[in-house]
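Below you'll find the structures, each written out as structure tokens.
In the two complexes below, chain A is the common chain; its partner is chain B in one and chain C in the other.
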Partner chain A sequence: MNKLKVAVALGATCAGCDVAILDLNEKILDVIEIVDFVFWPTAMDFKLDDLKALKDGEVDVGLYHGAIGTEEDEEIAKILRKKSKIVVAFGACANFGGIPSLTNMPYESKMFDVVYKESPSTSNPEGTLPQKETEIEGTKLTLPGIRKRADSLNSVIDVDYYVPGCPPMVPLIEQVVDVLRVFVEKGTLPPKGAVIAGQDTLCKECGRTKPETISYKEFVSPQEVKEIDPDLCLLSQGILCLGPATRSGCGALCTKMNVGCRGCLGPTDKVDDHGLKMISALTSLLEVEHEEEYTEEDFDKLLEKIPDPLGTFYRFTYGVSMISKLHPDKEE
Partner chain B sequence: MDEKKKVGVFVCHCGRNIAQTVDIEKLMEKVREKYDVELVEDNMYMCSDPGQNLLKESIQAKNLNRVIVAACSRDMHEPTFRSAAQEAGLNPYLVEIANIREQVSWVHDDKEKATEKASKIIGSTIEKVIRDEPLEPLKIPVVQRALVIGGGIAGIQAALDIADAGYEVTLVEKSPTIGGHMAQLAETFPTLDCSQCILTPKMVAVSRHPKINLLTTSEVVSVDGYVGNFKVQIRKNPRYVDVDKCNLCDDCTAVCPVVVHDEYNQSLSPRKAIYIPFPQAVPASYVIDEETCLGIDPLICSKCKDVCLVEAINFDMQPEIIEEEFGAIIVATGYDTYPIENIGEYGYGAHPDIISGLDFERLLSANGPTQGVIRRPSDGKVPKTVVFVHCAGSRDPAKHLPYCSKICCMYSTKHALQYKHLVHDGTAINFYIDVRTAGKDYEEFYKRAAEEEKVIYVRGKVSEIIEDGDQLLVKGVDTLLGEAVEVHADLVVLATGLVPSKGTQEISHLLKLSCDSKGFLKEAHPKLKPVESALSGIFIAGTASGPKDIPETVSQASGAAAKAATILASEFLEREPQIAQVDPTTCGLCHTCINVCPYGAIYLDEGVRRITVREALCEGCGSCAAACPSGSIELKNSTSEGIRAQIKALLQG
Partner chain C sequence: MSTSKQEQESGIKNPNPKIVLFLCRWCSGKGADLAGTSRLNYPPNVLPIMVNCTSRIDPRFIVEAFLDGADGVLVTGCHFGDCHYKTGNYKAYRRLSLVAKLLKQVGVNPKRFRLTWISATEATKFVKVTTEMVEDLKKLPPYWSNENGGDSDE
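For the complex of A and B:
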């Protein structure tokens, strides 16, 4: 049996996706049985030149994790595409831009100010900012430039399959391994564009019971609740949970721990804008029984209890959201 | 999907309504140029016969399979054009309306821009119509029986009309007798007929009608189902007296030791724990007030039972749940009056001689607590000066009811006039803001009181009423003279307004009927559908939807009955098929849709673990589709993809 040549490339990432692959534990042996890693800089000693040295199309499967945050990320993604028969967007960042894409909110210059000058833990009296080029003692040093937007992988290259999650959970990676095995053994693949995760939403696998009416008076953080009912829908207990809008497949890891779903698997196939859909559902349910008694101000007060709404509803999907398009880059 | 979409666009001039702001010629040219359409035609009035014929002939001549009529709001003529298309052999759901009147010509002046906008609206509608699938209306069998909730004059009239039309009716009334507030009134304006005399024949007719099943001391506890097929649970509370055995001998009240306020007489007189609300009560039977009776659990006293020769009394009666199916429901749950206890400036209802209009009705009534002699509650003296305060607690958005209750001016005028008839040397003073007499013969009635019967009308509000010796000092202002006025009165009658009854509030929750800001039931359309609720098959009659006088209430009742009868008259109902559908592959069973559906049309089918739409109940409002967080719900012929395409067409240059 010919082993699959697999490359794992990365962009703006925390490398949690790499760790997630290693989290397969002993199952990693199954992976090694069918896979030869020809490029995986996080885990082994590879340089970009190793990837460049491969023939076009020589890599069977190229996994890419992380957002496209720098010019270099984009370049690596394009090289991976050229070298790979199949490209898989691996993890929330590659799928939707992920957490790095929240930087699309402030514009580049402002983002630099926030990170390098204004953050409370930063001491930068000279106000030095990252430069693409700088000369130190006659030597020219270069850094990849930061793009205006941190984007999903499919905004720069053609992507064949998607594995969402922050990071993709072991059951999902096992599914990927199964897909690879079928590919090795039978040569068949899922339809292009397939998302390797559940089709429906988290509620279906969460297992908590839904009360007759889901209606909440206020939002609370889990730590504010004296005792969380472990069997009752978190939303009905006032704990913000993106489960209703979020693709299933994780096995309800967070909600089992009394933590509301953060939405890392993104929306279903039917939905373009994850956060908007959740906001729409949430506000439809908000005090649904007493709607008529509430004024706009009352509702505003309720909603004020949601900390950082953008970061809450778009934690992983801001990069592909419709709302991010409302922020044209005026500061050019 | 494969057949070529042949779209025909028909542009209506609507006389000058559209044509004066939209350049029709230019619009047609634009549509021909920009969009893939088979034909563009226009007509002066598309809704006219020639207009409809043009549509029909073009469908056949050009083999059109999609039609757009660019005209007025779809609320107006969508059915017109859909049936015209159907006559020409086209599925009616392949016809769409592009609203270029309400949304274009009526709201814009700039002809060029308006024409451009009209063209875009048509373009957007093309995106919809080419995605439309042919649909068939849903057919729903009808239970040919009606439920009327509330046994006041509205419920009585509605029940009689439906029964006379030949359908079975169940009339449910909470209290032990039908008759409602009208049974409490003395005479009625402007004709001064005795209220009881005109009401009781109808009450008797209800009790005798073979098609009417009367359930008193009963409440609706749950309503399920939908138009044509409501499943209703009614709790019949025990009356503890067998209606069929009771011979009205009145022996029981003589021995009953429990004395309580008589609510029929507005607590101005006592009654016993076993009683008959009033002599002409229907059903004609005594009833035991279980709250105060000493015979019901624990059995302390059974004096009435001991003297009842016909053995009509049974302390062991239990509530009974009756389950029945109905095709239509009429809600006639009436009103309460605004409590005078809420009105601080007039003494919070604490002074016995400051009474409400309804209290005064009882004092005027021949069968009232004073046998029709006007005596004031404090000392029983005949009052020589009576002040009637109009708008007591009404038209006062800061403190009380913001609205006008329509009938108070007239009933206060009637009160003053009747008082003058009974106390010839008495003085009646009416303080008013405006005297509103919009009704047949109402103005004449008011003139008669003011001019012939010498009722004094003072234009101004009463600011305060205080006790002064054994009289009341009424302080107010005469706004015509611009002077402060102080009057000593023996009795003050507050003309309080109407508020939704408790029963109205309860039934609105039970039936999921929406209410206006005042808590009255909302009509489907305030002008064109005054007796329909937003839920099909449920109708509203009388004061449940707002203050009304008796003639208006009775005509509403007949209207609602006629509406209900149109449903009962058919074996099957046709319903719009543009309803919600759920894709189970992406649905996560999050219950959001169940919670937001205003019609109770969505439920989780536990058996197959699927969210399911009750087709007959779904009104196609789209609330669920908007709220569904997994994007699994769409309305038929309104897919997300289609809506996006429509928006795109509107935004594109």
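For the complex of A and C:
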């Protein structure tokens, strides 16, 4: 049996996706059976030149994780596309821009100032900012430039399959391994553009009982609740959970542990803007049984419990969201 | 953008702002009708869209309005307790106030998005609210004219 040649490339990432692959534990042995890693800088000693040295189309499957945050990320993504027959966007950042894409906020131009000048722990009297080129004692040093936007992978290259998650959970990676095995044995692949995860929302997968009417008095953090009912829907207990708008496939890892879903698998196929849908669903349920007793000020007070709707509802999907288009970048 | 010298001096940056106006069929829509039959003047800058209830307004309608070139969005509905469907406006209030917060975070000036209640008899309030909003938006640049897009520097 021929082994699949797999390359794992990365961009603006925390490398949690690499760890997630290793999290397969003993199942990694199954992976090694069908896969030969030809490029994986986080786990083995590879340099970009190793990827460049491969023939075009020589890699069977190229996994890319992380957002496109620097010019180098973009270059690596393009090289990976050229060398690979199939490219998979792996993890929330490559799928939706993820957490790095939160830097696409309108004050992005001041991002350097905030990070390198204004933050309380910084001492930078000369106001030095990262440069693409610096000359030190006659030697020219270079750094990849920061792009104006941190973007999803499919904004720079053609992507064949998507595996969301932050990081993709073991059940999802197992699905990927199954897909690879079928590819090795039968040579068949799912349709292009398929998302390798569940097709329904998390609620369908989450084993908690959902009452007839879900209504809650206010939003609370899990640590504020004395005792969380382990079998009752978290939302009906007032714990913020993005389950109703988020794709299934993770095995309800978070909700099993009494933690509300944060939405890392992104929306389902039918929804394009994750956060707006979730805002719609959440606020409709807030005190829905007693709403007529409320005034505008009372509602304002309840909503103060969500001080940062952008960070709450777009934690992973801001880069591809509709609202991020409200301040387009002139350069594009 | 062509603004006359006089307009520049008076601080008018957008002489002709475009506002998408959502009306509910039962209260604010009737109020707007009354304004018309009473021959009250209100600015022609508003593009009215009638929905059955303010709770019909999906948050994406607001965002789409801006993306399609609106300078502002005004949502009007029944006062609390008056909703034809009993509680639609309560839901709309909760939903749209969170959307307002979100829009502010992505850099949309809060003056560009308003939610207010107008009953079927409040034709004068309808005129007042629309006029006020148009006056407010005249002082802001057109939404898509800013170099950074939107209101990011305000």
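The definition used in the following text is that the second predicted complex is superposed on the first by the 319 of 332 C-alpha atoms of A that agree within 3 Å, B and C clash if a C-alpha of one lies under 4 Å from a C-alpha of the other, contacts with A are read in each partner's own complex, and residues count from 1 in each chain.
Keep in mind that, in the parts below, contacts are C-beta pairs under 8 Å (C-beta built on N, C-alpha and C of every residue); 3 or more make two chains touch, one makes a residue touch a chain.
Every value quoted in this text rests on a predicted model; they were computed, and no experiment measured them.
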- prompt: So, A:Leu24: does it touch chain B (first), chain C (second), both, or neither?
  reply: neither
Message: Looking at A:Glu292, would you say it contacts chain B, chain C, both, or neither? Reply first, second, both or neither.
response: both
Message: Looking at A:Ser284, would you say it contacts chain B, chain C, both, or neither? Reply first, second, both or neither.
response: both
- prompt: If you stack the two complexes on chain A, which partner ends up touching A:Asp269: first (chain B), second (chain C), both, or neither?
  reply: first
Message: Tell me the contact category for A:Met105 with respect to chain B and chain C: first, second, both or neither.
response: second
- prompt: Among the partners chain B and chain C, which is in contact with a greater number of residues of chain A?
  reply: C
Task: State whether A:Lys325 touches chain B only (first), chain C only (second), both chains, or neither.
output: second
Message: Per the contact definition in the header, classify A:Asp300: touching chain B only (first), chain C only (second), both, or neither.
response: second
Query: Counting only touches as set out at the top, which of chain B and chain C does A:Ile228 meet: first, second, both, neither?
result: neither
- prompt: Taking the contacts chain A makes with chain B in one complex and with chain C in the other, which residues are shared?
  reply: 280, 284, 288, 292
Interfacial residue positions of chain A with respect to chain B in the complex: 199-204, 210, 213-215, 233, 243-245, 248, 267-271, 277-278, 280-281, 284-285, 288, 292
- line: Residue positions on chain B within touch of chain A in the complex are 515, 517, 583, 585-592, 595-596, 623, 626-632, 640
Parts of chain C lying in touch with chain A, wherever the complex brings them together: 58-60, 63-64, 66-67, 80-81, 86-87, 90-91, 93-95, 97-99, 101-103, 105-108, 147-150, 152
Message: Quick check: in the complex, which residue numbers of chain A touch chain C?
response: 105-107, 109, 273, 275-276, 279-280, 282-284, 286, 288, 291-292, 294-296, 299-300, 302-303, 306, 308-310, 313, 322-330
